[in-house]
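Before anything else, here is the set of structures, which you'll find just below.
Two complexes, one shared chain (subunit A), two partners (subunit B, subunit C).
What follows is the complex of A and B.
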């Protein structure tokens, strides 16, 4: 596909209001905003609420397309007759503005899951299709960020997964149209001025500087291969010891997709709704079977599952690591059970077994 | 216990030195098989519970103002898997500030902890820093280092340094805490090692509740609704609470489903308030639930209100004297029962 390179534009910070006004007419405009001290993505009606001066959101933006609670459909009952009322909001167009590159990439992982095999999740896929992603480069990554260690060429200024990419130049944003969808939007916003060479150059410098600030380097190349034969390694007892079994690491993970489906029945009014709720492999009931048997009965198995799912099953099933390196689980774990430390310990197993091989040889 | 506000840092260092000494002796003398304490966290504003079995590892124990998880959590179900796996009568030494010890004492009354199997390593606590508040207030900036000096909390990041008044930035529940060290009573003289405090009852004017209580019911409802509105139902509060040791929490039961699992605000409130009901006369106000909440929800109003009701109605404070039974475990023939409908 030959696509003309479109010139970068400039969005002054005081033009965000205009930007929002022009787009919110046609799109549900989601952006980071501060709610009770936490940065979260919300549908913005008042552009003054947009706050891009953030490191990353506390809850991952996956909740825009895959919310903590989502009504799949509602129904009415008349005796044995059931009338299903389908969703009407799926054709709505969305913009996710100011998303970080790691989280933008997470949508690829989510899409992989919801689009895998025979059973497609029409709700998620439709919403994803109708969503424009506008990324914002990280000029100042957190100490817990490790996107550059991951298999997707993660980078604080990665542009591959967005339609439009923004770089914060201080007083203004450099607006970089990436996809055709993104270019079409920029075309319509004719009032955006063209960027000059200096501004484009500044963005490149900021990108390089951001990369140099990432302090965590993890070797993930062979992790899947090490994990496979070490299912019963004593390491799992060690790394799960202080886990208290809450859902923080998984609920706030941009790539976790597990959900539970429940019917909320209103018997008095003969109606109900089927909702899906976030679920997590960290809860003791998650894998409990009807027989009463629980294959992941202790936290050793549950903690192991989280790591294996992301670093072994995902690579095997989808040929990609199920982690984007955002560091939320590290930042927010109540007992500081640090994923980076777990990975390092896994890699030590590798080194050990290699050494043993050498000795045997 | 009078806290010398002059030099918290020096105090912590002293506490840490003594704590390691006590832990070392307990392990060396085979009085315990394991020490549960805190290790240095790998991220700013954190600490990490650690389990020490070898005396050589004792120096990994730390004490600072970020040792927020209530370690009593680890000796009651469902987190006792390691006990079941290894040996049933594992003897454990637990690093305990006042509230952790009070949890253990209360759990002993509920027959969840056998005092013969634990040693309470008493710490004279000088308060836990409110990590969530600091995080929220700095918002866009990342704290890379926190230290305490004199009466200031000093937070440092890439391009900033901020001094915060120590007393203001303590956990809300630490501000009203009156039992900084493990409460000693004769039946515990063999259990508590290290620092302790003679205390049989606690006087409290609950001045911090005046504001909330003066509000009309619908205003109070608004406060609770606003407080809990961004709960993600990760249950970190429940999982971190030593009093939440049910095999199956009421909210997890699904045959039948008693309580809604959705994030509708009514379901969220029902979860938190029903959990609160189960805490009456049991919550010691350690603040662990608030420290661990990823969204920074502070349950202090609920915790304090419970404490006040139980204090006023039953003159009882949770986790003080091992011999004094909690109201929810006591049946008295002359209980007024004025909540019953019909004739008395």
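What follows is the complex of A and C.
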């Protein structure tokens, strides 16, 4: 039986090796590591590769549970007979270690989306169920961060979406067990020492300080209501003008879920697999139909779809905003399109009723 | 949990070429597993993700009626990679099916109403399913007058000619076939669908018009129906859009916040007017 009130523990930085060793035996242990100068989440076999001195990973950790390319099923052929084999690796246990609070929350959005409606995405949901999330508070948010403006009470030290929460106290981490799953793990790691009053207090101070460092304040209260009647507003022409359609904003977005489906054939061995690959509404071929018709033929429609999907369609369908405020799309856009500026421009549009809707020829 | 991405396997039982150009064929498929057939409970207007394993998948409306037991039919035009590959397949080959998907024609709500089915060209497949369903002896009494107006470029493009001949013989359905230009040996109507609808002059009283066809036909027919005093709630349409998953996950078939695959493909004109989105 796990007690409800479990004390915070201390993980010394030189104990990470042991922490990894104890857990990697039972779990696929994912953590941030530097690859070619960029931070990404990888399955860690050598604990020396773990590098928590990062602001945030370049690619979102969604790719652990929703990889860029993923098998939906494999098949074997025998003459005209085909045998389909479902995935068998979904029961593996995972730990995602050192994830930032905004990205931890993104898994809530993803889980809600993949679970929504009549058809459930069994592949994502099964993996999510078997995953333990260990968050790491942001002591120094980026200038592009705006989690505190979002509807989920985003905060650089938000603990609600993780099983275990870590705060970097300098030489050590304060380890805060949050969920029952998290408490059970901490229980097993009996060698972790208990934290003292001072260490707990230090974490509170760091949390407050981090919050004060976030300078962006966005008003998202009425954005969805303004977007709805202004579908044809000239703003979209302006917003999309310098977009080069590279798709970075969506590929690196922790909440984007669009995918393509392709069959890969190993014709010499009479087998193959059907895979899904990340796709994006920013690509001109994404919605191109065989007839030649394309509902989103220009970047005006494509840029508009991205913003509306997150700030209008998502709230309408799931009652939550489809953005976590991580700022990746702002930081990594090659032409410096800034979502924060787009939101501000939207908020400046006088909310018109549907009858007065502005139409652009 | 059964994965919604895994197709059920069927065998091609028969292939019927539907036009002279031989680029539209109807495939009759039989499920390899009896349980799959029982699970595949559909209504007219729904679609399936049809796949040739190793080539890919595409969404196709179901052309058969649920009253036709033992097999399902898809009428497929040779258009892209997957449909071209399907056109190269033979009787006995394996086809994967996921479905039934989408909302379908509201066969329950249509009960007690006059139903006017208006189709143009190749878009007639789910309309065939609906008409076949309503004419079935178990269902015919549930519906009032059934009128079918079906237009094509020329006679060689008319789908389901055997069915149409059967229906023309019946007393309990009015069929008006039309082709764009007069042809030798054609004794049906001549002209585009919209003016023929106007000439047939269906009453909007207790009626629902179901319209399927190329965009220009839809547009002109909508105008005629409006003139005939059909309200937007009385006009139903089935949309097509590029799709991958068919289950509301892959993202691309959205019109505003609606997904054509799960919220549609059938929408009333009233719903379509409310929808802000790209299509």
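What we mean here is this: the second predicted complex is superposed on the first by the 346 of 361 C-alpha atoms of A that agree within 3 Å, B and C clash if a C-alpha of one lies under 4 Å from a C-alpha of the other, contacts with A are read in each partner's own complex, and residues count from 1 in each chain.
The definition used in the following text is that a residue touches a chain if its C-beta (ideal position, glycine included) is under 8 Å from a C-beta of that chain, and two chains touch if they have at least 3 such contacts.
Nothing here was measured: the structure is a model prediction, and the numbers come from that model.
Novice: Overlaying on subunit A: subunit B and subunit C, fit or clash?
Specialist: After superposition on subunit A, which the two structures share, subunit B sits beside subunit C with no clash.
Novice: Please work out whether A:73 is in contact with subunit B alone, subunit C alone, both, or neither, and reply first, second, both or neither.
Specialist: second
Novice: Which partner does A:233 contact after superposing on A: first (subunit B), second (subunit C), both, neither?
Specialist: A:233 sits against neither subunit B nor subunit C.
Novice: Report for A:345: first if it touches subunit B alone, second if subunit C alone, otherwise both or neither.
Specialist: Neither partner.
Novice: In the overlay, answer first, second, both or neither for which of subunit B and subunit C A:121 touches.
Specialist: second
Novice: Going by the contact rule set out at the top, does A:93 touch subunit B (first), subunit C (second), both, or neither?
Specialist: A:93 sits against neither subunit B nor subunit C.
Novice: May I ask you to decide whether A:262 touches subunit B, subunit C, both, or neither, giving the answer as first, second, both or neither?
Specialist: It touches subunit B and subunit C both.
Novice: Would you please give the vertex angle at the Cα centre of subunit A, with arms pointing to the Cα centres of subunit B and subunit C, as a multiple of 10°?
Specialist: Nearest-10 rounding gives 90 degrees.
Novice: With both complexes superposed on chain A, which partner does A:290 reach: first (subunit B), second (subunit C), both or neither?
Specialist: The answer is second: A:290 touches subunit C but not subunit B.
Novice: Once the two structures sit on chain A together, report how near the CA atoms of subunit B get to those of subunit C, whole Å.
Specialist: 5
Novice: Counting contacts the way the document defines them, which residues of subunit A are shared by the two interfaces, the one with subunit B and the one with subunit C?
Specialist: On subunit A, the overlap between the subunit B and subunit C contacts is residues 260, 262.
Novice: Quick one: in the complex, what on subunit B touches subunit A?
Specialist: 41-44, 46-51, 69, 73-74, 78-79, 81-82, 85, 135-137, 139-142, 144, 158, 229-230, 232-236, 238-240, 248, 252, 254, 257, 260-264, 291-292, 294-296
Novice: Of all residues in subunit C, which touch subunit A in the complex?
Specialist: My answer: residues 1-7, 9, 51, 53-57, 79-80, 83, 92-94, 96, 240-242, 244-245, 247-257, 262, 276-279.
Novice: Hey, which residues of subunit A end up touching subunit C in the complex?
Specialist: Listed in rising order, the residues of subunit A that touch subunit C are 72-73, 75, 77, 80-82, 84, 86-87, 113-114, 116-123, 125-126, 228, 231, 257-263, 265, 272, 274, 276, 279, 281, 286-291, 295-296, 301, 305, 308-309, 312-313, 316-317.
Novice: In the complex formed with subunit B, which residues of subunit A make contact?
Specialist: 34-40, 51, 53-55, 58-59, 68-69, 140, 142-144, 237, 241-242, 244-248, 251-252, 260, 262, 264, 275, 277-278, 280, 283-285, 298-300, 330-332, 334-338, 340-341
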